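Letters A, B and C name the chains as they come in the text, with residue numbers starting at 1 for each one.
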Amino acid sequence: MTSLVQAIIDGLMVGGVYAVISIGLTLVFGVLGIVNFAQAEFLMLGMYIAYFAWAALGLDPLAGAFLAFGIVFALGYGLQRTIIQRVLKAPAVSQVFLTVGLLIVMENGALLAFGSQIRSVTTAYQTKSLQIGPFFVSLPYLAAFLMSIASGVSLWWVLNRSWLGMAIRATAIDPMAGRLIGINIDRVMAIAFGLGVGLTAFGGAVVLPYLSVFPTAGSQFVVLMFTVAVLGGLGSVAGAVVGGLAVGVITSVSALMFPIQLQNLVLFLVFIAILALRPDGLMGRA
Amino acid sequence: MTMRQTFLLICFATLIPLALEPNGYYIRILTLALLFAALGQAWNIVGGLAGQMSLGHAAFFGLGAYTSTLLLIHFGISPWIGMLAGGVLGGIAAFLLSLPTMRLKGHYFALGTLAFAEVFRVIANTWSSLTGGPVGLSVPFSEPSLAMLQFNETRSYYYLMLAAFVAVSMIFVIIVQGRLGYRLRAVKEGPDAAEVIGVNTTRVKIHAAVISGSLTAMLGTLYAQLNFFFDPDTVFGALQISIRIALIVIVGGIGTLFGPLLGALLIIPLEEFANVMLADRAAGLSQLTYGALLMAIVLLQPQGLAEFAKKLAARISGKVMSSKTEART
Amino acid sequence: MNTPLLSVEGLSKRFGGLQALSDVTFAVNTGEIVGLIGPNGAGKSTLFSTLVGLHRPSAGKVALNGRDVTGLRPHVIAANGLTKTFQNVSLFAGSSVLDNVLIGGLVHSRVASARGFAMDCLKRVGISDIAQRSAGSLSFPERARVEVARALCTRPKVLLLDEVMAALNTAEMDEVIGLIRDLRKDGLTVVIVEHHMRAIMSVCDRIFVLNFGQLIADGPPAHIARHPEVVEAYLGREHDV
């Protein structure tokens, strides 16, 4: 029983991070209608930025996360204007090929640029944890969780309380109508893509205190992100938060019962089942 | 293309190996290209005719490779029989896949099929007692013979793959011209209208999926026999198999008879040469080039090479026409 | 009493908050030509789609020749002899006209004989000259006729025609009216949705009027033309059509 509760606590902690990295994926889909297979590579990029900010400037990864967000946001903005924009109306497979191509380029670009070694940071709080009764909450996990939730809330605020957010939501619902009421939808889409990949990079940076970075670090998150996004309904930000927490708990509880390799299998089965039964997500319109 | 031209093309393909070293590098690339052309043609049945862009064909491919190889290793059963067994399992897997993905469209279909193949990859990696796990399987070599589908020379494999490609293409043509082909096109172009005029769209899609999955599994056996070694990540890999097959057909011209061949003859050698030229330079460079090429293909020619060739031909014949009219005036 | 060929009882259809059809009841006998009229958005096309099984009714029952076909898949209903054309025209754009029609024939026969029958259907509708053209390249009136030929090729007992005369000129309209009369001579039963009152009045034995998803009147053309509710709901507004 104690171990189950502990697993749920652990699950919620990582789930918060899953939520924020998947919000990026779901935002990109919601606004641009594109499934970005390269999304997890921006997480890897965020980890590298935070790592080098720590190594060169001594910046804590939790602060480096803001740097990662900024840089990746700009990169995403540029990428959307130059490349992604051109396939917005292309068939789904073309979009898949393009973003898979981007995935390969980024992963191998990182290999060429940074080499294959595994890098990690050292922080003062890395090994600390809080004790609440019989339960433990590891400090770096808690920090990542809180940072993620804070960024999720900020995004929610931007989407619902600002003019930009209104423009983004209008574009997501109907780009043509958006254009008619005077929204520069090309710009809005680029901002949305930048925000999406930026958030995922942010999520990558905040996990650096407890995870290492290497060129293929993103790949371990691909399945997770997609399951979270589909669970919550592709395109739904609130859904991604609930989905992220749910997937965090599912993986952490299933680790109690199954060998670690089968964790992904459980996720895949959840994923396929949801696609088949509720293609719009558990809380979706279906 | 007419019957005559097709016949000449096959004759030409039969003669090519005579000009190449029987165990050389070039014939190996061509052999691989033919295998992937056949895979593309099998994929074309669902992707091209039914318009269902499956990204999960690695599931069937790997299933075929593992089935025949395990039967050979444990029971000494000829890969021919193993291939049939794999074909049956591939068909069953395709049936099972089509149940949950039947009603999905666009991205959701792509994601669902992709995930399905990943399930197989995870299982193959995990269930080591059966599959050998991540280490992979080696096909035991007995002695070169057609009965055991094993040869000394790549040239023999070339003919094997050529025959496979021709066979799958013939099945494709039979489907295209028959009831199923008409119904598949109807399903692709207007599922509601198809239903209202009596097409059982569900059954039609399942038929196509089962045929395609079964053929893909059988080609998996041929791959195992050609390569003698494989692991879960190569035969069940999304990038290595599923996406590559779809890419080949789309680049070559989706839904067309010669699209898969055209696409395979372009993509496979390109990958190989990129590999050979760049692999020793720096780790990741050849892969990076491949990724960049993938992006470039989508950005430059989303409609496929065949469309590009058609346009080119139209332009040339347009010029010829206009020069003729000019000559007349 | 004979069982009617098509009988509809208490049929309702909701789309979210919108009651597109409410409690529609009527029957059509073999060999009748029945008109269905009503203002835009009255639910005529929805009724057709529900009858052929594209929509699952929220309530009610559809029977064909006494057999309950409610909730069956459209292809089963088509095989039982009920099909329709699409108002927004939904041809298989990448295929030729002949192939479009041929697919309808596959319900009953193999490709070769379906092709022959498809040619016959094209001739009946008067468009055998465009058999080899691509369906995507046709004009709207041509496409509407291909729709009719394709539906005929399924050898229906009841044919539902949804505004096939839209965008036709008077001469063309007369041709289609002639065709519908011929079809009836061959034993076919036809239900027509049409906004052209002249066409409806001249060809139909009976007319149903739908308004806001409800049947508000039915009877012979002369009776409908004088029906006060109908005049108010429908004719009053589009009198000049």
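The rule is short, and it goes like this: contacts are C-beta pairs under 8 Å (C-beta built on N, C-alpha and C of every residue); 3 or more make two chains touch, one makes a residue touch a chain.
Predicted model only: the values in this text are computed from it and were never measured.
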(request) Pick the chain whose C-alpha centre of mass, unweighted, sits closest to the average of all protein C-alpha coordinates shown. (result) B
(request) Name the chain pair with more contacting C-beta pairs, choosing from B-C and A-B. (result) A-B
(request) Sort the other chains by how far their Cα centres are from that of subunit A and give me the top one. (result) C
(message) Need the CA-centroid distance for the pair subunit A / subunit C, whole Å please.
(response) 51
(request) Determine the centre-to-centre distance between subunit B and subunit C, using the mean Cα coordinates as centres, and give it in whole Å. (result) 44
(message) Can you work out the whole-Å distance between the CA centroids of subunit A and subunit B?
(response) 33
(message) Under the stated contact criterion, what part of subunit B meets subunit A in this complex?
(response) 53, 55, 99-101, 103-104, 106-112, 115-116, 118-119, 122-123, 125-126, 239, 243, 246-247, 250, 282-285, 287-288, 290-295, 297-299, 302
(message) Can you tell me which positions in subunit A touch subunit B when the two form their complex?
(response) 29, 35, 83, 86-87, 90-98, 100-109, 111-112, 116, 215, 223, 226, 230, 234, 259, 261-262, 264-265, 268-269, 271-273, 275-276, 279
(request) Report the residues of subunit B in contact with subunit C in the complex, numbered from low to high. (result) 177-179, 182-183, 185-186, 188-190, 192-202
(request) Mind listing the subunit C positions that touch subunit B in their complex? (result) 52-54, 73-75, 78-79, 83-84, 86, 90-95, 99, 102-104, 106-107, 110-111, 150-151, 153-154
